[in-house]
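Listed next: structures, encoded as structure tokens.
Two complexes, one shared chain (chain A), two partners (chain B, chain C).
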Partner chain A sequence: MGAAISISGVQAGGDNSVRVSIRTDAATVALAGNPNVGKTSVFNALTGLRQHTGNWPGKTVERAQGIFTQGSHSYVVVDLPGAYSLSPRSAEEEVARDFICFAQPEVTVVVVDATALERNLNLALQVSEVTPRMVVCVNLIDEAKRKGYSVDAPGLSLDLGVPVVATVARAYRGIDELKNVIDKTARGEIRPNPRPIEYGPEIETEVARLVGELAGIVADRLPTRWVALRLLEGDEDTLQKIAEFLGDPAFTNNVPRLLEV
Partner chain B sequence: MTLLNANLGQTVSVVGLTAEGLVRRRLLDLGFTPGARVDVLHRSPMGDPVAYRVRGATIALRGVDANQVLVREK
Partner chain C sequence: MNSIEIRERLSALRNSARVAADSTVSDELVESRYRRAEAIAGHVLHHDKRARGLSWDDWADRIATNRFWGVLSMLLCLAVILWTTIAGANVPSALLADGLFWVEGQLSRLFVWAGSPEWLHGFMILGVYRGLAWVVSVMLPPMAIFFPLFTFLEDLGYLPRVAFNLDRLFQKAGAHGKQALTMAMGFGCNAAGIVACRIIDSPRERMLAILTNNFVPCNGRWPTLIAMSTLFIGAAVVTGQTAIAALALVALVLFGVFVTLSVSWALSKTMLRGVPSSFALELPPFRRPNFGRIFVRALVDRTLRVLWRAIIVAAPAGGVTWILANVYVGDTALLYHASNALDGFGRAIGLDGIILMAFLLGLPANEIVLPIMIMGYLSGGAMMELDSMEALRELLVVQHGWTWLTAVSVMLFSLLHYPCGTTIYTIYKETKSVKWTVISAIMPLAIAIGVCFVVAQAVRGLGLV
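Moving on to the complex of A and B:
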């Protein structure tokens, strides 16, 4: 036998051995979303059978990841547990928060339920404060249509400042476009520009002050505005994770001083 | 009145929250924002928690949390 044949990331060797190669040059794509939005359908539609499951280290939370290729680029897709918010209240939500905020995937896809957009966009807005490299996937547009809603994906995209793709993942509708948009976002061909969420003059004054103070400590390792907002919110669990991530005593040591008004 | 006082089958509208800090944040994340419509769906056998329909999802709240959501009849 000659060269090994590479079929969709799975290599069949000449000695009848089959090994799955996770290419190290593959970019990581996180799939986030509220519970019950069809996130796993989107995951299955993207990756087909090229996936494996396990657990997150030290947690009884299932971890599924798979691969898809678009042109000459491979992407490792991580199906995150359902979450309503990036302020976690369960082990599942904690896994999702940690991955989106600290594993810093190349692209984060937020899957939203077209029949409950108002509720679902809360998470999308929170993600947009953490990373601009995001795509919103409006799933279940067939069910929305049955309920009499029509989804204006281009309009939503303009309002949010990020690409929006409408899908019916169970029927593979919109999946090719989703792959294309993920690929373009990962390669910088699409540069999402999420519209910043403004919290009113009182909070914005403090945010501006903290962003200035944090610039030297956080640098470009995390979005400073997001860190400033967590400081103001007093989200201790997330603050501890931020401190661990930065691994810099300057952050922890400065927190009490930073919060002095 | 608070959401805890709403009867089974009743539909109410959120007026505000008395909760503060992370509980307030959580209730807001779950969709209990001013003006949101809430249907009281089911009560568990012991009466706590209670399942509510809010913004297209079914959410169970403990009495102690539901009591911090101010509502009025719709």
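Moving on to the complex of A and C:
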């Protein structure tokens, strides 16, 4: 579990009063998700902090960080701004993309809204192409139930190939299990194996060829399939970031630079 | 390999790929993902057939975001809030005034009993205390009703619906749809609204939102507007006084939105040219607000903070105003030298010298404009016992020649004039541009003077006052 960041003091808020110090025993956990799915509620439930939550999409403009411990292990939780996709269309989405792809947290938790599962899964599927160390947290299952919906969490876990935990973060329901699953995933006791998304024969042939070509450039620093797909897509902004990341061997260890707002 | 070499190798690889143009690949990837998401959702999401087809919040949303009903319900909502505020504030305002002026009487006796000199009594009681008493009794009750109602709507998730309804209009004005959201934030506090403009990515559209945020009344201005509307517009009719006062305020807010859109449109055709960009705005579900939290946030964060800001400035301002009104140069008090100098210009735009001076001195915080105005009038040595809101109205009308036009002009000027000191500083911090900061203050001032001038001249020309 490489070098990670922990916060001395308690609170990292929008007031820039963050004190960052390096500790080697804490792993980083990123909280990602569409806007307004209750990421900040999950964050508060995990860390016991009191970040201001609000019924607004886009409440979290900057990142907030806190700590939880499970057994003898500490985790630094980073609450990312809401994002619909890893191909950013706004500054908030860029912050989320950069953190998940290039800061390479030990575990990425994708919070999805049970009442809008289909749309929310888009981000979860994208994240699963970037990192296998992910956990899906299906939040707001109480609201879904009120609307007559129920989510089959074990089934979702089988379909995605990653662990799934159902929660009602505001009421702390499912949070202990979420902590447990994050801990096991970080320590390698759970090894998620995301099922790859099939993009059709034409694209898959090119991806296979590019993956071979990319091996020498990317090595094991990024998933080659993900880089190949960005190449085919011609996502200039992300490609530029990938080049910067690969050209700088210290990039991953240089997490503080990414963490400071 | 360094970044630049890697970037080149990546580009070379891209060019070697045998697939169609970039955009179609991107679309195919998105489609494949959505097909997968759809399949998974269909597999793991179960719907209970016994559940009702549409729940209450689905219905509420159908109304709140409907082209016609959405706008209507929005206006209705605003009108009901303002009506409740005005109707509810009357009685406690009168009670507070009674109580506080009874205390003034007791304090006066204490001063007399202690044999304190006349000037000390004048400064402390007629200056500082009387000023404070008026601030508290005029401003506290409306705030204590208005802010919880506003916070309730915020918690419920209503504000994004307002943004949704106004989106089309902003698009037409060449601005970003999210500007409707930052504008809604401005109703609370313009400085907060300016910071919220960060959610707009295009620098051009963000600047539009920053420059026009001033045109919606903030917490600091609501009390002034509510008091003016209650005392002069409501009181001008025989029946339905509260309703008329509330409607006047709704009209004023609509005018503010109209100015916001017009200015955005004009700027996007001139200084900030460009086409609006698209965005996704997700409507959060309606959620049951937490009443305890509303109460605390509205009363502690909003009401008491605004009142405190008003009091800490109003107390010394009351004293200073009393001194200015009682120190004579020649045969005129200092206060009137100053206000006389501004009087001619003030009257041309429907105001007078005292009002204009109150707006100037009120630059640090809009909360203190009304208090300074009242003190300017009260401290003129006229030892009038004011015991009700009605008496305040009488004072302004009989002694200082106010008409309904004066009140309308004060409301318009307050709505438009310039952002408060805190907001101007925030604009500078957010834009890092002296030029745009200056424009953000001068432009609204020019508009305020222009609008008030036209209204005053038209009303007088038509012989309506």
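General observations
Here is the rule we go by: the second predicted complex is superposed on the first by the 211 of 261 C-alpha atoms of A that agree within 3 Å, B and C clash if a C-alpha of one lies under 4 Å from a C-alpha of the other, contacts with A are read in each partner's own complex, and residues count from 1 in each chain.
Everything below uses one rule, namely that a contact is a pair of C-beta atoms (placed from the backbone, for glycine too) under 8 Å apart; a residue touches a chain by one contact, two chains touch by 3 or more.
These numbers come from a predicted model, not from an experiment.
After overlaying the two complexes on the shared chain, residue contacts for A:Gly247 are found with chain C alone; chain B is out of touch. Put chain B and chain C next to each other and count what each touches on chain A; the higher total goes to C.
In the superposed model, A:Asp235 lies in contact with both chain B and chain C.
In the superposition on chain A, A:Asn36 makes contact with both chain B and chain C. In the superposition on chain A, A:Ser150 makes contact with chain C only, while chain B stays out of contact range. Within the superposed three-chain model, A:Glu118 lies in touch with chain B and with chain C [touch as defined at top]. Looking at the shared chain after the overlay, A:Tyr84 reaches both chain B and chain C.
Contact with chain C, but none with chain B, is seen for A:Glu206 once the two complexes are overlaid on the shared chain.
Put simply, chain A uses residues 34-36, 84, 87, 89, 115, 118-119, 122, 233-235 to touch chain B in one complex and chain C in the other.
Of all the residues in chain A, the ones that touch chain C in their complex are 34-36, 54-58, 61, 84, 87, 89-92, 115, 117-119, 121-122, 125-126, 143, 146-153, 155-156, 159-160, 197-200, 202-203, 206, 210, 213-214, 217, 229, 231-235, 239-240, 242-244, 246-248. Across the complex, chain B meets chain A through its residues 21-22, 25-26, 29-31, 54-57. For chain C in complex with chain A, the residues that touch the partner chain are 1-7, 9-11, 13-14, 17-19, 22-23, 25-26, 28-29, 32-34, 36-38, 40-41, 43-52, 55, 154-157, 159-160, 198-199, 201, 279-282, 284-285, 287. For chain A in complex with chain B, the touching residues are 34-36, 84-85, 87, 89, 113, 115-116, 118-119, 122, 233-235.
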